[in-house]
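Here is the structure we will look at, set down as structure tokens.
Chain IDs A, B, C, D, E and F follow the sequence of writing; residue 1 opens each chain.
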Amino acid sequence: MARAVMSEIKKDHIHKLLAKGRRVDNRAWDEFRPITIQPGYIETAEGSARVKVGNTDVLVGVKMTIGEPFADTPNKGVLSTNAELIPMASPNFESGPPDENSIELARVVDRGIRESQMVDLEALCIEPEKEVWIMFTDMYVLDYDGNLFDAAFLGAIAALNNTMVPAKANDRGDDYPLPIRHMPISVTAVQIENSILVDPTLDEEKVAEARLTVTTDENGDLRAMQKGLAGAFTLDQIYKCVETSQRLGNDLRKLIG
Amino acid sequence: MARAVMSEIKKDHIHKLLAKGRRVDNRAWDEFRPITIQPGYIETAEGSARVKVGNTDVLVGVKMTIGEPFADTPNKGVLSTNAELIPMASPNFESGPPDENSIELARVVDRGIRESQMVDLEALCIEPEKEVWIMFTDMYVLDYDGNLFDAAFLGAIAALNNTMVPAKANDRGDDYPLPIRHMPISVTAVQIENSILVDPTLDEEKVAEARLTVTTDENGDLRAMQKGLAGAFTLDQIYKCVETSQRLGNDLRKLIG
Amino acid sequence: MARAVMSEIKKDHIHKLLAKGRRVDNRAWDEFRPITIQPGYIETAEGSARVKVGNTDVLVGVKMTIGEPFADTPNKGVLSTNAELIPMASPNFESGPPDENSIELARVVDRGIRESQMVDLEALCIEPEKEVWIMFTDMYVLDYDGNLFDAAFLGAIAALNNTMVPAKANDRGDDYPLPIRHMPISVTAVQIENSILVDPTLDEEKVAEARLTVTTDENGDLRAMQKGLAGAFTLDQIYKCVETSQRLGNDLRKLIG
Amino acid sequence: MGGNSNVKLISDDGIRIDGRKVDELRPIRIEAGVLKRADGSAYVEFGKNKVLAAVYGPRECHPRHMQNPAKAIIQCKYNMIAFSVNDRKRPGPDRRSVEISKIISEAFEYVVFTENFPRTSIDVYIEVLQANAGTRCAGLTAASVALADAGIPMRDLVPSVAVGKVNDQVVLDLQKEEDNFGQADLPIAMIPRTGEILLMQMDGHMTRAEFDRALELGVGACKRIYDLQKDALARRYSVEKTDEEQPDEGAPADAQEG
Amino acid sequence: MGGNSNVKLISDDGIRIDGRKVDELRPIRIEAGVLKRADGSAYVEFGKNKVLAAVYGPRECHPRHMQNPAKAIIQCKYNMIAFSVNDRKRPGPDRRSVEISKIISEAFEYVVFTENFPRTSIDVYIEVLQANAGTRCAGLTAASVALADAGIPMRDLVPSVAVGKVNDQVVLDLQKEEDNFGQADLPIAMIPRTGEILLMQMDGHMTRAEFDRALELGVGACKRIYDLQKDALARRYSVEKTDEEQPDEGAPADAQEG
Amino acid sequence: MGGNSNVKLISDDGIRIDGRKVDELRPIRIEAGVLKRADGSAYVEFGKNKVLAAVYGPRECHPRHMQNPAKAIIQCKYNMIAFSVNDRKRPGPDRRSVEISKIISEAFEYVVFTENFPRTSIDVYIEVLQANAGTRCAGLTAASVALADAGIPMRDLVPSVAVGKVNDQVVLDLQKEEDNFGQADLPIAMIPRTGEILLMQMDGHMTRAEFDRALELGVGACKRIYDLQKDALARRYSVEKTDEEQPDEGAPADAQEG
């Protein structure tokens, strides 16, 4: 995903509006685009959700199989998170193995799930050192109009929230819902000429100097952060992003079951 | 294998002859080129055959090892078919992992063997769910002058017909011939300006609009089909190809031991 | 590593000096550049050494894990040797999987260790057919100024000489030094306009017509050879290289603990 | 094809396990223009199959050595997403999807007026979101609508369906269990206007009579699917007219008709 | 982050297992100009971390389609060598190193005056020879010195350090055991002259107050590392003057100052 | 090299397990011009080794950045087919074949008059159909004949053979068991006209005296193989004259002589 070039006219337009405190689609700086979440969209998955944030469209599915735990965590299930920026979603996405953009996306979502201890991985142990549940979370971007990080993360937590452990089909007792302990939410903002804008569209991303994703939990505690793009943030801007994430996170959390 | 460009003169020549009902090498429309089959060509293989159809030269070998069955077919041997269009065979073949042409070739031959139930895969089970014979059929194209599908398929069935299961070397009793149940034969035809030509040469393939491979068994029943190239067939042309395959298949079958 | 182009002036300079029996850095034809060896350079490795031969800088590390022996050597440890020509070391090295140059380097060093029976591989068997020590020798070229073969080989034998088998951390008794039986040394020479030059610099390699690496043991016996580059050697030149390797090998052997 | 005809998949009354008759299609849903970024797109359901298709192009062809100075090249990529099947599928092309991509590309090369767009590439992406047998046919059907949605001129739309043999009977549009335990599978695609067959594969075991019957069933079903394709494009076009007030922009309709 | 706060890593006196206080850096050693072939290079130790960085460029950018007609592109490759960690790491990039390479490349894109060198590539190679937590920060610190050593003009040097949370306390510059059993990790890099944050990642669990404290600790430590970077370049420069008698060749010093 | 000298491979009368004396070659068969599409080709048997070689070129060199404006590049690919050995070999290059391809390419770079064909590539493909030790030498021998068959001007043909040490004796042209249980292996290739050594590798254990004896044996054997190469080309040429009535087309003969 080479950052696509955008016309100077469009760029100027964004900048001029911003100077007046406005965005192209008339949103407030801290306002998300309309969000729709369709949980359980795919029957062949143990859990799934299709999430649209504006025109950005992401399909997330969770599959679970039985496998061996890692040697250093013998009593914990295994989490594997993958993102596919398929060429269907954008003229700038290419076929092939995950590139640095999809790897960064997958890893940021993965840490947001893993380090927040969202899923009780110990409850996914069947027999210590022998058998645990392996949980594959696959995120497919179907239509790309900016802010993949939040759309994908929303999709992932909605899909996980919706996942039934397929114990019965594997002769391991009755199915049960994935044990969810926390509900972290990520909120991404970009900086454009010292303005902070939440949930950037693709056009805004193209103009943006720096990006910051802040993931917070239901207590407002920080669970993950990722700064991106080539620019820098002042400390004040970072604090502003953190506070915005805490505030908007609470609203977004209500959208999940 | 980008379809190589051919001179307009050569093309015209083929077209003009066809208009008079003739082929460049004077064959009838339903006539194969001379075929030679050398079974047992390679000592290090469990079965092998070198097959020439005109100048097209294919070497097929079968290797067998002991392995685990697939979970959904616990009492059946495993079949693995691979085709290598090595750069030795044509200036248009390139080194590297199998491309779409070799994959299509391998899969069409594989289905011709597998779906026709040519080999009794249950007889290749050693112990259900534990141990079965894995059968690798590797097809190498050494010299390419058209109609790979039929040359490779003839090579494959000749090699299989010639294969001894290496039980002794694996401490599993005495060697025995691979249990063959059916003898499917594929016959490929192309369409050029509404003419149907069997066993196309490379030059004829370059001019051809569409290709149809029809595989029939000793009863004349259909076992596999594959349409290729960018053109289309009328229903009548398809029926003609099927009948030709049934008729010529009987002749070709006699060439195999 | 496309052989980099070098200026005609530099080339002429080397040739003219050679005609007077001299080298650019005033060494004798059979003289090595200054050599420094830092054994035990890396704590996370079971054995390691950083070796400089002139400006050529190589870091070698040995890691050992427990694994299964090969079926045909059930009572022997397993040796795996890998060379990385990382782009840090030269503007002509590229990122990516090992190319033919690093593969040749790794294989020549590997044979020098393996075929010389330098390490007693039988002493690395824990339980025949079940468990043996797998020994990974990784060679990283950090700075490239010619004669990688000898620098890497020196690094490898210095690192092996310095390796403790990590038995304790693997619950297999007490740690013990890797059992070393022989101390082979490689000496590489190039031919430039019928002159033989030992330990070529990068500039000399660029001008060289042919390269010969001869590995001898403490008895002066031959343990490995590899001819490289596009030129040829007369029989007399080969004998000269062999004798030089025997003679200089004894000096270099003293540098290893 | 398991070839196992012991599993009873058709009742004595000729009713299949999902309630269909042997010559009945699954419920089919087709929608055109479902994605924003793509130049054309379509969503198709054949029973429990859910398939998306997107088209980009004609656009500059990369890598350059693949350009054809006389016409556009069609590059179709068929893919099943990881959780579209019961056992997770590793992302990335496998041999099956490479073959399917190739034959679908070849099929569209014939119907698209590629000579109108020399040196370009028309890229068709088919993503199987949920699979239940017959995905290549559903995908081809979707891709054809997506091409029309992208305004790319074609000889005709291309409907596609699989016919098969189950419990010794020829049946239309196999679903998953029928595919797993059936005796033969015959996917076809056709050009309705001329009746020509554009794609045909077959494996399993069919007598000549069964094959003739299967082909007949398939051709008839393709015509019904063709109507649904045209309906979807008509709906898409009328929506566009209403939404965007562009009564003159006739590309999708044109494409659909010729 | 194991998140296991049961392992006692800080004594009741506030002393960590390697003897440091919570706000204390590990011993840091920085040397510039340590390789001959590279255009610029640096060696850095943060405690037991041993990291080499090399810079090539500005040079012709391959492949050509990655060239930017307006400026240089920065291509940073972070890599851990096979025996830099306890369990041998297979050579070649893994997902972690791809991500780290990306964010380090982005950080340098901002500080290097890339517009001075259109169409070129500036290639930065970071090799972790021995790892003990905090390698990306040590690598960034080294790479920044190597860029200066190569005479590439930059806004500022970039110091980097990780702050973390261990046994419910905010601690500076985690070493390996603290990283394995800690509760949060927050690597940052900054531009000392402006106080801006150039790189920031965080995972684990921190309250807002802990985060503020961590950021404060990190910013302070970066300033100390900045001084060490400048010292290393000054030493390198004075050595060069003595050795090579080139009093006018001021590139490293220039780079260091602006 | 198993290095196991306990396995008795030479009888007390000096006879090897396949009946040969220590200084005796296996039966060698060489045929030129065995493939239709290739510009030149050859088939070689050394005992149970069966090797095909094909040459394409001089032809345009891809990728372009590998072109040499002053001469042709030689790209040789040595490959063992999957069923050429007892345990099936996965298709695709392994490290062994990469090394062998490199050293064979280098050898031919010296003998081919590459400066006659600037910017082109001469591609040599060696396929080992059945392997029984000594395949690189059989392959080189075959490739050399294929180059001549392609009419490519060379300094000389290149014969190649391996010498080894078995049961403490120096023996010529090791077959499989001798290679598996032998003590040393020394493949060489030479330029008969000048007596120069073009390829040499050695592994195992040889005293200096053994090495000298091995080299002597190998050089002698190469001369015998050289005669067989010339015979094969002469037969090929006379056949061509008879078959195709082209008495003037002397390329293969020319190539053979210089």
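To be clear about the criterion, a contact is a pair of C-beta atoms (placed from the backbone, for glycine too) under 8 Å apart; a residue touches a chain by one contact, two chains touch by 3 or more.
Computed from a predicted structure; not experimentally measured.
The set of chains in contact with chain D as well as chain F comprises B.
Number of steps on the shortest path from chain A to chain D, with steps defined by chain touch: 1. Centroid analysis (C-alpha atoms only) places D farthest from chain C. Against reference pair A-E, the listed pairs B-F, B-D or A-D yield one interface repeat, B-D (criterion: more than half of contact pairs the same by residue number). A separation of 58 Å divides the Cα centre of chain C from that of chain D. Measuring from the averaged C-alpha position of chain A to that of chain C gives a distance of 48 Å. Look at where the CA atoms of chain E average out and do the same for chain F: the two points lie 52 Å apart. Taking each chain's centre as the mean of its C-alpha atoms, chain C lies 27 Å from chain F.
Within chain B, the positions touching two or more other chains are listed as 98.
Looking at chain F, no residue sits in touch with two or more other chains.
Chain-to-chain contact here is organised cyclically: the chains close a single ring, every chain touching exactly two others.
Think of the chains as beads on a loop: from chain A toward chain E, the beads read A, E, C, F, B, D.
Chain C meets chain F in the complex at residues 2, 98, 100-101, 103-104, 106-107, 111, 114-117, 212, 217, 220-235, 238-239, 242, 246. For chain C in complex with chain E, the touching residues are 41-45, 48, 55, 57, 59, 61-63, 65, 82, 84, 86-91, 95, 97-98, 136, 138, 140, 142-145.
Per the touch definition, chain E reaches chain A in the complex via residues 1, 3, 66, 95-96, 98-99, 101-103, 106-107, 109-110, 184, 186, 191, 194-208, 211-212, 215, 219.
The touching residues of chain D, when paired with chain A in their complex, are 35-38, 48, 50, 52, 54, 56, 59, 77, 79, 81-88, 91-92, 123, 125, 127, 129-131.
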